[in-house]
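Right, one structure below, let's go through it.
Lettered A, B and C in written order, each chain numbered from 1.
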Amino acid sequence: MNSMFRLMPIALALAAGSARSQGVVISGIADAAARSVSNEGRGSVKSQVSGSNSTSRLIFRATEDLGGGMSAGVHLEHGISLDTGTPASATQFFDRRSTVSLSGQTWGEVRLGRDFVPSYVNWSRYDPFSYVGVAGSNNLVSATPQGPIRATYGTAPNTTVRSNNTFQWFMPGNWGGLEGGVLLAPGEGGVAANGQAKVQGARVGYLTKQWGASVAHTRSENDLTAAGGAFTDQALGGSVDFGMVRVSAVQRRFKQDQAKQTNTLLGAWIPIGLHEIKLSWVKADLSGRVGATAIDANDASQIGLGYVYNVSKRTVLYGSYSRIDNKGAATFVVPGGPSGMAGGGTSSGYEVGMRMGF
Amino acid sequence: MNSMFRLMPIALALAAGSARSQGVVISGIADAAARSVSNEGRGSVKSQVSGSNSTSRLIFRATEDLGGGMSAGVHLEHGISLDTGTPASATQFFDRRSTVSLSGQTWGEVRLGRDFVPSYVNWSRYDPFSYVGVAGSNNLVSATPQGPIRATYGTAPNTTVRSNNTFQWFMPGNWGGLEGGVLLAPGEGGVAANGQAKVQGARVGYLTKQWGASVAHTRSENDLTAAGGAFTDQALGGSVDFGMVRVSAVQRRFKQDQAKQTNTLLGAWIPIGLHEIKLSWVKADLSGRVGATAIDANDASQIGLGYVYNVSKRTVLYGSYSRIDNKGAATFVVPGGPSGMAGGGTSSGYEVGMRMGF
Amino acid sequence: MNSMFRLMPIALALAAGSARSQGVVISGIADAAARSVSNEGRGSVKSQVSGSNSTSRLIFRATEDLGGGMSAGVHLEHGISLDTGTPASATQFFDRRSTVSLSGQTWGEVRLGRDFVPSYVNWSRYDPFSYVGVAGSNNLVSATPQGPIRATYGTAPNTTVRSNNTFQWFMPGNWGGLEGGVLLAPGEGGVAANGQAKVQGARVGYLTKQWGASVAHTRSENDLTAAGGAFTDQALGGSVDFGMVRVSAVQRRFKQDQAKQTNTLLGAWIPIGLHEIKLSWVKADLSGRVGATAIDANDASQIGLGYVYNVSKRTVLYGSYSRIDNKGAATFVVPGGPSGMAGGGTSSGYEVGMRMGF
């Protein structure tokens, strides 16, 4: 055998990710689309948007092998509005994640910094639209109309997705399908207007290649919850992969004082070679009251339909459609449409775009 | 000795971080200078400035080969004020460019995101000072004094350089000297105060190694142009390389409602071994009126003289001088001087600095 | 043909972009801790904090070998609040350093941009806690209570650590133990509220492996110092390494008009294998007056105790404790505690955390 061919695999292997072993790994997602959204009685708006298949981002990561099955790691993740070059958060540059951690093969990972809360992780994994775009299930999670979320945070940053100041423990990857963790964050004052909240949460699940089920609980306190009790956020879901189709079902319950919001999602992924069809149905059910105002009538539902063409492993073209039907005073909308829709209106939108992983 | 072991150390050393071929390529420019600017009747100010030869910046790029002559690409470019560490734009971190694109060898490139407008590209390529520094032709493009630019945008961000939300198509590189493209951007409300404008533009040119000529048209609309009609921005120019000297000539016409501004530039680059002399003459001719105010008298001209020493391919030392003569109420100034110069005054400045490409 | 030469082109092609040798080097620090701070009469606050052992940061660097012993370099350094993902400075992204430079083996380095001032460099090197964390000597350098620093800057950014717009010269590394440099920065208006100051400074020291001594002087002027004269900042210190323990002593004098503040620090580092004990004592002595207010009584002292366990060369676990005793109207505090402590109160805090270099 020629020595050249003997050496090829070595050289290739060595070159395959040398940045990975010795330094900082930079990666990210660039995703942009053309969107049109119509809101009942208000006409429509055409726009260019960022992150409709997956949020545009830039990531810096590094790990250090400490020996004995232990390692240290850093993860800094910046969200980008690619259409304008603007940070996704005006104040938090590494808004998506900013953590340092210590991991051990037998005992898992201890992670400090800004990160997702357990209930979000346990909801978004079951959403075929990954909580983004015209058909993302995030459209039915907002401070408008008023419900437990608005009662707890007003228009200040909330903890329905991420939390600052987290101390987390994650199970290791070798507990036979079991996965999950615990999160604690000090309130540091707990002033909602400052984006502060004391957070406690946990998540546990069982995952195989064909099916999985998981449950999570997150509890947040701040100065606005002092009177009526903590804001709680629970998510229970599961999914089954039948090969021709993967289906999911998940329910999430937000509660604070007398106000409750229950969101339910049914999802489906249908792979057809390089193509994929995605379907989702989401329902938001508000009940109880905020102060003296009854909110029971303010429900909404959303249907989402998506198509993804995998040009390569990293690059996709996609199109999505969604429609939200509000009841009562509910004004949930597809993002990017004209403002001022009346309560109970219908909002719909579609988009065509491109995503590149790098 | 086996050749495999002989080669191991080489392969290991060579593999020490191949970010370029497999991942994200990071590059940029660091440029700083000492500057002094005198404004008539107001004295002078000495300062340290950033980006006088080329704007200081940090760039993240990646491409993916999709096969069949196609590729996907991302380009994120952040402008830096190196003298203070401050972003060039307070709100748009990737203010210089933020795009994702799909390219084909035969049909060109489709690009989405924030990028240059056609008329800017077709003007700045003919400016020996690249639209920056004491002698940059940008000194005669501003919201002060009032003219079509100010009438269209007030002091809000304008589209004389870049636009958010662009959908672009560029010709491929193999159309025998022909180059150019088309740009469209939805207004998304078109509120000037929000930096929003609906933009349409196109550019076409013919380039050889010795000469080139090109023309571009850009049209922007927002809520302020609703009454008087769109803001138009046209540029027509060309250059010839005689070997000992390269010369350029270009004209740019801004127009909105009754106001017009015509800028004309003559430029020259004289390479002498590692040295280069740069010369430019720019004239701004305002005409018509803004509302009831006649602006015909408010013209200005600028002369620029530059010297560049190429220490290496990437690093240069440079010095520049410029002088602006205003007429009427015109108050165009070299940036960095004392404020409050009266209309018709003279502004002059010089700077000595260093630029490093990385 | 030798197989080594056959493989060379392959290996070279694979190496086509070794980020480390040919391009941009990215590195940084991720540091997070749990902290508790008690302020007399105000209770305590528990929090997660960033950068208690070393400020969390992300660094982009590049150098170019220009031949003949000369090189060009760029250094961009961004401070991160890892607990929230927020930039350490709301306006200056590369707040820690933003410079371009030209170096020669025989004549040293000329550096332009934002960087440390000489007196800070000459103080912080003698602080076992590196001017950060609960026991950092920075706790006794603040605008509260009023003294020369507040008289000069109010609550605007000051030059006790860094300055914008600096022109610096540094001695080369081969002057036999001698080290130091000179700094000049134009005021560009010198408006304290805009963070502007005209700065002049110099630093000289003599360093061996076992001992070192150095002195620095920094002088800043802005519109607030126009009446009473420039703000001066001097630091004189030294350290000796006895092997089992390294000790340091340093004094820093801030002065403006009739107000003076003298800070004195004694420090010790005790390495024990992979462990390290750190001790510091700092005293702030205010004297004179600000306007008509006498400040002589407003002194304070701090003791600091630290432990560091070196998990690896890059990763450490650490714990620190400190206690500040105020006199008179002094309200120096350990950062992160409850607000509103009365003058003369006691502030104490401890923290346990992790730092990873990457």
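In this text, contacts are C-beta pairs under 8 Å (C-beta built on N, C-alpha and C of every residue); 3 or more make two chains touch, one makes a residue touch a chain.
Model, not experiment: these values are computed from the prediction.
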Relative orientation of copies chain A and chain C, as a Cα rotation angle in degrees, nearest 5: 120
Same-site or different-site touching of chain B by its copy chain C, using the half cut: different
Centre-of-Cα separation between chain C and chain B, whole angstrom: 37
Sites on chain B at which at least two other chains make contact: 3, 7, 11, 14-19, 21, 26, 93
Touch list for chain B against partner chain A, complex: 2-4, 7-8, 11-12, 14-19, 21-24, 26, 60, 62, 64, 66-67, 70, 72-74, 76, 89, 91-100, 102, 112-114, 164-167, 185-186, 188-189
Chain C residues within the chain A interface of the complex: 3, 6-7, 10-11, 14-15, 19-20, 25-28, 30-34, 45-48, 56, 58, 80, 82-87, 90, 93, 311-312, 314-315, 353-356, 358
